[in-house]
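Two complexes come next, and they have one chain in common, chain A, joined by chain B in the first and chain C in the second.
Right, the complex of A and B next:
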């Protein structure tokens, strides 16, 4: 029953998408608005259909209807309800189904919001979004059909992949990632719409700014949530391994970040038209590439789903998307030549150019490392793996340059900077850089990149906070506002700009957290008998007892540990090993004591069955928490930039001192 | 649409697609033999005694098995996945014992007493396990962890290596064609 309902709704959605895409294009070409209207309607109906299909699947999961193939694959009567619901996205078919829902929602929303925009841009964009939708619905009726009928109906299922049911972040990371990935379809579709309609000015960028920033926020949060999840679950106390699939989510983030910055240059100076179109097209294609890498089984990764024929569909889609976009991008030629020009090397535009240059180089480096093993095997028949050393060596200098620009950019005005103004603005940050770098050296730090990171962090912090302070001070003088009110109104009056600066602060927090935790991490393995304790850093860790416990869906072995500092008990930790059904490997659940200055991270590595001893890995890692906090701040900055400002268009006082602020603040 | 843009699009897309299509053909968990086309590194290892207190004896050399197909399984009692694949290895070992396939376990970083208890628990020793003190042999075979399984043909050439658990289907698939091969006699 559910199989039929689910499959039916998806099949109708596929038909409607194909119809809508054709109708939108034909309607615009033949000037028949009713056809375009019907395409919009198809987008709305599709959202309803996908919602029904997803609800049907959740229902099937909850009632353990094992006659539905996806439920038979990931469901289990012993899995807790919450895990059962989120197993909607724990395997290939369900994740594509959920993906389809997110895409249908974005499509319907974008079509609705921009329904009154005149001209052919929106119909073309609608056609592009519906075409992408058609591809995913095709997957759902073909190689990734979650609604296949199973006969005979099995009495029970294996339950979702244990790694995915081990931590609450599994409820958060995938949906965020899909919201980020899929959200990039909207600006991509409008870019395609701009190319097809010839509306090549900044209109499409203004229209999609909110969509892009929203998707970017989700993508940023998804990446950080993924890092956090990896840290809390995988037991290696790390958060980034340059795993191909991590890279796959990072690359579109890099190009999208470049895009967020470079569009400002086009909006303000009418430069970089082709560049912006290329960036957003790349971002979209990279999200599809990421999906392909995750779901085709082409690379080995913690993220990889089981393989099947679906990879070939993705290859075909990437090929079509790439050919289509390249023909459009290269075919427009002269029309795309930008009217604007660069005035001075000492300007914010220049910084954005470099920012984009570095982010693009970064993307290429990661892309190279990710695809090299596949290329090497194809060309030379050898299996190679590209590991962290390659990425670290290649990308750390780029990270340093980005941190530097993060400081310089906000200090520079558009068009042309007066050297002495610039000097005045950069004196204090420069001193802060020298002071922090010098202090790090004096304290015995010898890793150049760590020293530079700390130094640049101080530099960026001074510049950014300086911008907030100067703006707020100007308001306080002009309006007699209190400091807090002035700061709030300053941000509110130019959300886009100050939201960006807040995000910059988040990046600084992450950079410091990453530098400190990777430089100063210390690890030791120790085997203890009950009652014994061991010294690690400033902690004494005492092994109290080993316990085992049967839960409905897993068997858990845990160790009770007491943590003491100078003989005083400060907490208890219980690292565990979880054994799920007939799966081959136990899933470790490290126990983590998180504090602002450092984390104490303990793994249960092995144990004697009689409880007479257990082996632990004790890791001390400073300042990790600042990575997660930084991620949150980045999201908050994005939110500030994207939320609609109050329509009270008071002229920012800051505008007097900062010509930038007067411009497009609160626009769109 | 002009010819130049179509050409650019094709020139960019075709190689990428070709590489992806090629990549789709292989299982990323099956790694090529350590030294492709070269002989498997020989070893002379003591066989693990199954009674406590007994001294390790019976040095086993890989070269003794020239002319047979050899399945080497690196394992340890602390390795949970090993627990999963062991019954499959035992089953295939039984099945092929009379057809010239030799199964050898190689113990990796483990206490003999633990390993012995583990084997007892798993239903007794079906094929010999060798001791590899200092993990020299493991290093020779480029071990990345346990379990790993290496299959060597009648001529002593490494033909298959897998990181992670193996199952019956996989073993049969790899061993059958090697049994069909004839031993190359003489230089």
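Right, the complex of A and C next:
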């Protein structure tokens, strides 16, 4: 019953997508607005259909309808309700289904918001979005059908992957990731629309700015949530391993970040047209590549990949997207020549140029490291892995250069900087850099990258806060406002710029957190008997007792620990091992005491069956929390940049630029 | 600005870009060659002969039953890894991964010494995503029942 409903809605959505894509293009070419209208309608209806299909799947999961193949695969009667609901995205088929919903929502929203924009750009973009939709719905009726009917109906299922059940962040990370990944389809579709319609100026960029920033916020938060999950669940007190799955989410973030910066050059100076189109096409293709890497099994082994068919669909889609985009780009070659020119090497344009160069090099490095093992296995039949040393060696210098630019960029004006002004602006930040780097050296720090990171952090902090202070001071003088009001109005008056600066502060926070935690991490393994304690850093950790308990969906073995500083009890920690569904491989659940200066992170590694002793891994890691805080600040900065400012709206309507304004302003 | 200087600048710009990019590509190529870690089974490692020694590899296989010697006080772990045909002795310090035991799939990172012992720097248990029922009569909730505190289920 649910199988039929779910499959039926997806099949109709597939048919409507194909129809809508064709209708939009034919409608534009033959000037028949009613055809274009019907394509928009298809986009709206598809959203409804995908919502129904997803609700049907959630319903099937909740009522444990094991006649639906996906429920039989990930469901279990003993799994708590909340985890049952989020197991919608715990495996391949369900996550593609959810992806389809997110894509349908973005498509419908983008079509609606831009429905009154004149000209062929929007219909072409609609066709592009519906074509991408058609691909995913095709997966759902073919190789990744979650609604297959199972017979005979099994009485119970194995439950979702234990790693995904073990932490609340797994409810957060995948939706954020999909909202980020899929959101990049909108600017991509408008780029294709710009190429097809010949509207090659910055219109498509202005229209999609909010979409791009929104998707970028989600992607940023998803990456940080993934790092946090890895830290809290995997028990290694790390947050980034250059794992292909992590790289898959990081690569589109790099190109999207490059895009957010380089589009400003096109908007201001009409330069970098081809570059911007290429960047957003790359970003989109990298999101698809990321899904391919994480979902086809190719990362584990080429053989796992060839057993399934879904990988071939993705490869074909990436190839078609790449060839199609390249043909369009080369076909428009002459028209794409930039009317703008670089005035001076000492300008913000130059900084953006280097920012893009570095981010692109970064992307290539990660791409090479991620794909090399796959290619090596396919061609030479050897299994190799590219170690973290490769990534660190290649990307740390790039990170340093980016941090440096983060400081220089905001200090430089567009077009041409007066060397005198620049020197005055950079004196204090330069002194701050030297002071912090010098102090680090004096305190015995010898790792060059850590010293540079701390120094540049001070540098960027000074420049960025200086920009806020200078702007606010000017307002205070001009309007007689108080400091806080002036700061608020300053940000509100130019949300995009100051939102960006806030995001920069988040990056600094993350950089410092990563540098400090990776440089000063200390680990110690120890076996204790109940009542015994051990010294670790400034803590005394006492092992009180070992215990076990039955929970509805798991069996837990845990250890009670008391943490003391100078003999005074400051807290209790209980690292655990969770056994799901009587699998005998436990999922480790470290206990973490988080403070602004450092984390105390304890794993239960092994224990005697009678509770007479247990082995712990005690890790002390400074300043980890600033990575998560930095992630939050980056998201906040993006939010500031994307929310419509009250004062700016009238201007925006007049220029028909911003999506929200374009939608509302069309009737004016 | 006249056109010749603009054109000259463009060429200079392109040349500079090509130089930077090819330099970076060279670095990438060298960097990746030095940092590859090969994944091998015990049989494959022993077949390598002389080149097997002192080269960093990832060795994958199962923990040979009955070979695990774990000194909890000294945090010293010895076991043998096997692929069914060949077996190599492994030495590692530090706590083993959770519930490390006979027969489990493991990957050890490290190098083979001249003495024929694999010195491990990193020991990972292969987590399988597929459901495997526990060995007959040994679900964890039975094995560790005695740890359940009084007054709780």
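Keep in mind that, in the parts below, the second predicted complex is superposed on the first by the 635 of 668 C-alpha atoms of A that agree within 3 Å, B and C clash if a C-alpha of one lies under 4 Å from a C-alpha of the other, contacts with A are read in each partner's own complex, and residues count from 1 in each chain.
The rule we apply is simple: a residue touches a chain if its C-beta (ideal position, glycine included) is under 8 Å from a C-beta of that chain, and two chains touch if they have at least 3 such contacts.
Computed from a prediction, not measured in an experiment: that's the story for all the values here.
Visitor: Since both structures carry chain A, what do chain B and chain C do when superposed there: clash or fit?
Guide: Aligned through their shared chain, the two binders clash on chain A.
Visitor: With the two structures laid over each other on chain A, which partner does A:191 touch: chain B (first), chain C (second), both, or neither?
Guide: A:191: touches no partner chain.
Visitor: Touching A:315 in the superposition: chain B (first), chain C (second), both, neither?
Guide: first
Visitor: In the overlay, answer first, second, both or neither for which of chain B and chain C A:606 touches.
Guide: both
Visitor: Please work out whether A:364 is in contact with chain B alone, chain C alone, both, or neither, and reply first, second, both or neither.
Guide: Touch status of A:364: second partner only.
Visitor: By residue count, which of the two partners contacts chain A more extensively, chain B or chain C?
Guide: C
Visitor: Applying the touch criterion given at the start, work out whether A:378 contacts chain B, chain C, both or neither, answering first, second, both or neither.
Guide: After superposing on A, A:378 lies in contact with chain B but is clear of chain C.
Visitor: Output check: A:549 vs chain B and chain C. Expected answer is one of first, second, both, neither. What do you get?
Guide: A:549 contacts chain C only, not chain B.
Visitor: Output check: A:588 vs chain B and chain C. Expected answer is one of first, second, both, neither. What do you get?
Guide: Second partner only, chain C.
Visitor: Using the superposition on chain A described above, determine whether A:327 touches chain B (first), chain C (second), both, or neither.
Guide: first
Visitor: Where does chain C run into chain B after the fit on chain A, at 7-15, 25-33 or 79-87?
Guide: 79-87
Visitor: Could you pull out which residues of chain A sit against chain B in one structure and against chain C in the other?
Guide: After superposing on chain A, chain A residues 382-383, 579, 582, 584-586, 606 contact both chain B and chain C.
Visitor: Sort out for me which residues of chain A touch chain B in the complex.
Guide: It comes out as residues 292, 296-300, 304, 311-312, 315, 318-319, 322-324, 326-331, 371, 374-375, 377-378, 382-383, 579, 582, 584-586, 606.
Visitor: Within their complex, state which residues of chain A touch chain C.
Guide: Contacts found on chain A: 158, 161, 163, 235, 341, 357, 361, 364-365, 368-369, 372, 382-387, 389-390, 393-394, 525-527, 546-550, 555, 557, 577, 579, 581-586, 588, 603-606, 609-611, 613, 615-617.
Visitor: Within their complex, state which residues of chain C touch chain A.
Guide: Against chain A, the touching part of chain C is residues 1, 6, 20-21, 24, 27-28, 31-32, 34-40, 58, 70, 72-73, 75, 94-100, 104, 125, 127-129, 131-135, 138-141, 143-149, 152-153.
Visitor: Spell out the part of chain B that touches chain A in their complex, as residue ranges.
Guide: 1-2, 4-6, 8-10, 12-13, 16-24, 26-29, 31-32, 78, 80-81, 84-85, 165
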